[in-house]
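Multiple structures are listed underneath, in structure tokens.
One chain, chain A, links the two complexes that follow: it is found with chain B in the first and with chain C in the second.
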Partner chain A sequence: MNSSAAQLDRSFLALSHPVRRTILERLAHGPATVGEATRGVAVSKPAVTKHLRVLEDAGVIVRHVEGRIHRLALRVDGLVDAESWLDEYRSLWEAKFDAVERHLAKGGKDGDT
Partner chain B sequence: MATREGTVVRVQRRFAAPRERVFDAWTNEDVLREWWSAMPSMRPGTIEVDLREGGRYRMEMVTDEGETHIALGEFREVRRPERVAYTWSWESNPDAMAGSSDTLVEVDFFEDGDGTIVTLVHSGFAAEQIAELHEHGWTGTLEELAKHLNA
Partner chain C sequence: MNSSAAQLDRSFLALSHPVRRTILERLAHGPATVGEATRGVAVSKPAVTKHLRVLEDAGVIVRHVEGRIHRLALRVDGLVDAESWLDEYRSLWEAKFDAVERHLAKGGKDGDT
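Right after this comes the complex of A and B.
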């Protein structure tokens, strides 16, 4: 597996859990402590630690430590690979629909080309 | 990258420099005197920074036309090299802050491989229009900082 495929795996893994998405949604409003980012989330501390590691490994968050306070931030470039992967497929389909539209505009008489 | 949600400004930028160096460039008056500017047509004027919690700063930017913009405030948090937070207002043009005399700037410095990600959140503006001006200002300031760090 090449490194870009591995990065895609990490990106989509990062997004594939509601707790991790909640953390990302909160960090979208600015950096926050771990406590702030996970407030009200019904999971244990070890589980939070695990989720944060998945997000860090994917490069979608960064963290700094001040004594006992861990502060997190969204890494805004972190999901670029996943975005371009999705874009690629969206544009394929948009191109297909463009072809269908052109076909229909011609009255659909010309068959497949 | 910058976003604005009503009256809160958020800017993030990655610098190809170690965190201590980026933190010092942002907070140390000797380094600030070398680059403090929000756009290429501005240069630093008199810069005074008492970098400790409760300490104050006063920083001038001078335009090519000789106009001086003076920002000042007080440090609320100083934790080298991770985080600094300070109040922010304009001595030169208090009207520029109309109704938002005590805005807060929070800057965090995150290690990111061999570089540093800086996030800046500026909150407390009374109007979205004022926040928008500051969003442009901070984006330009981070650009000028990048030039300084790459020089």
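Right after this comes the complex of A and C.
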């Protein structure tokens, strides 16, 4: 399992920049070279290198080097921990919300403040 | 709608620290004072203040000030954009994965490389 707090930090950090989300959206359609994954993205080469490293460190993508071609692909379980955290959070929150609604539906009179 | 790129950046950044996730998990059970929401969390008061500001800036929590009591609560639509992005990403990725599986099931012989 990859779901340590530090891993979650890296996963959410990886998602917190539009260039990195663009790269992930492109790779969701299939593996791509660095050039393909970052085409039209208005950032410098060093910046691209930095963003790719953040994604690799988070375990969201892998890089296969074939000679001079660097091919990027998503890792199957790359964002599973982030999705799980958000799902669990949403469940907690919805359960609470449902309880409040039930309380209000009863007129909020049962002393359950 | 809150789903601009900058908003998504802030949402995912808000989730990228264990102290902030702890605060959100506690608030998912209902509103709480700053003291309740951060009880036992091993960080300084200035650090707590900073983390709360990140959460407020991201629109994930709101703060109600009643005299000296600062009460925190989740915003209903606080993480909707982040959840939507991840859902969409997962759909893209699963569609691709299904296509690859169908291809492999056919023996990968239809020339669709």
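We adopt the following convention: the second predicted complex is superposed on the first by the 109 of 113 C-alpha atoms of A that agree within 3 Å, B and C clash if a C-alpha of one lies under 4 Å from a C-alpha of the other, contacts with A are read in each partner's own complex, and residues count from 1 in each chain.
We take it that a contact is a pair of C-beta atoms (placed from the backbone, for glycine too) under 8 Å apart; a residue touches a chain by one contact, two chains touch by 3 or more.
In this text, all values refer to a predicted model and were calculated from it rather than measured experimentally.
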Discussion item. Contacts for A:Asp77 in the overlay, against chain B (first) and chain C (second): which applies, first, second, both or neither?
Written reply: first
* Check whether A:Val54 is in contact with chain B, with chain C, with both or with neither, and answer first, second, both or neither. => neither
Per residue count on chain A, the busier partner among chain B and chain C is C
Partner chain(s) touched by A:Glu66 [first = chain B, second = chain C, both, neither]: first
- prompt: So, A:Ala32: does it touch chain B (first), chain C (second), both, or neither?
  reply: neither
Chain B and chain C footprints on chain A meet at residues 29-30, 74, 76
Seen from chain C, its contact residues with chain A in the complex are 5, 8-10, 12-13, 15-18, 21, 24-25, 28-30, 74, 76, 79, 82-83, 85-86, 89-90, 92-93, 96-97
Interface with chain B, chain A side, in the complex: residues 29-31, 62-66, 71, 73-77
Chain B contacts chain A in the complex at 1, 5, 8, 10, 12, 14, 79, 82-83, 106, 108-112, 117, 119, 121
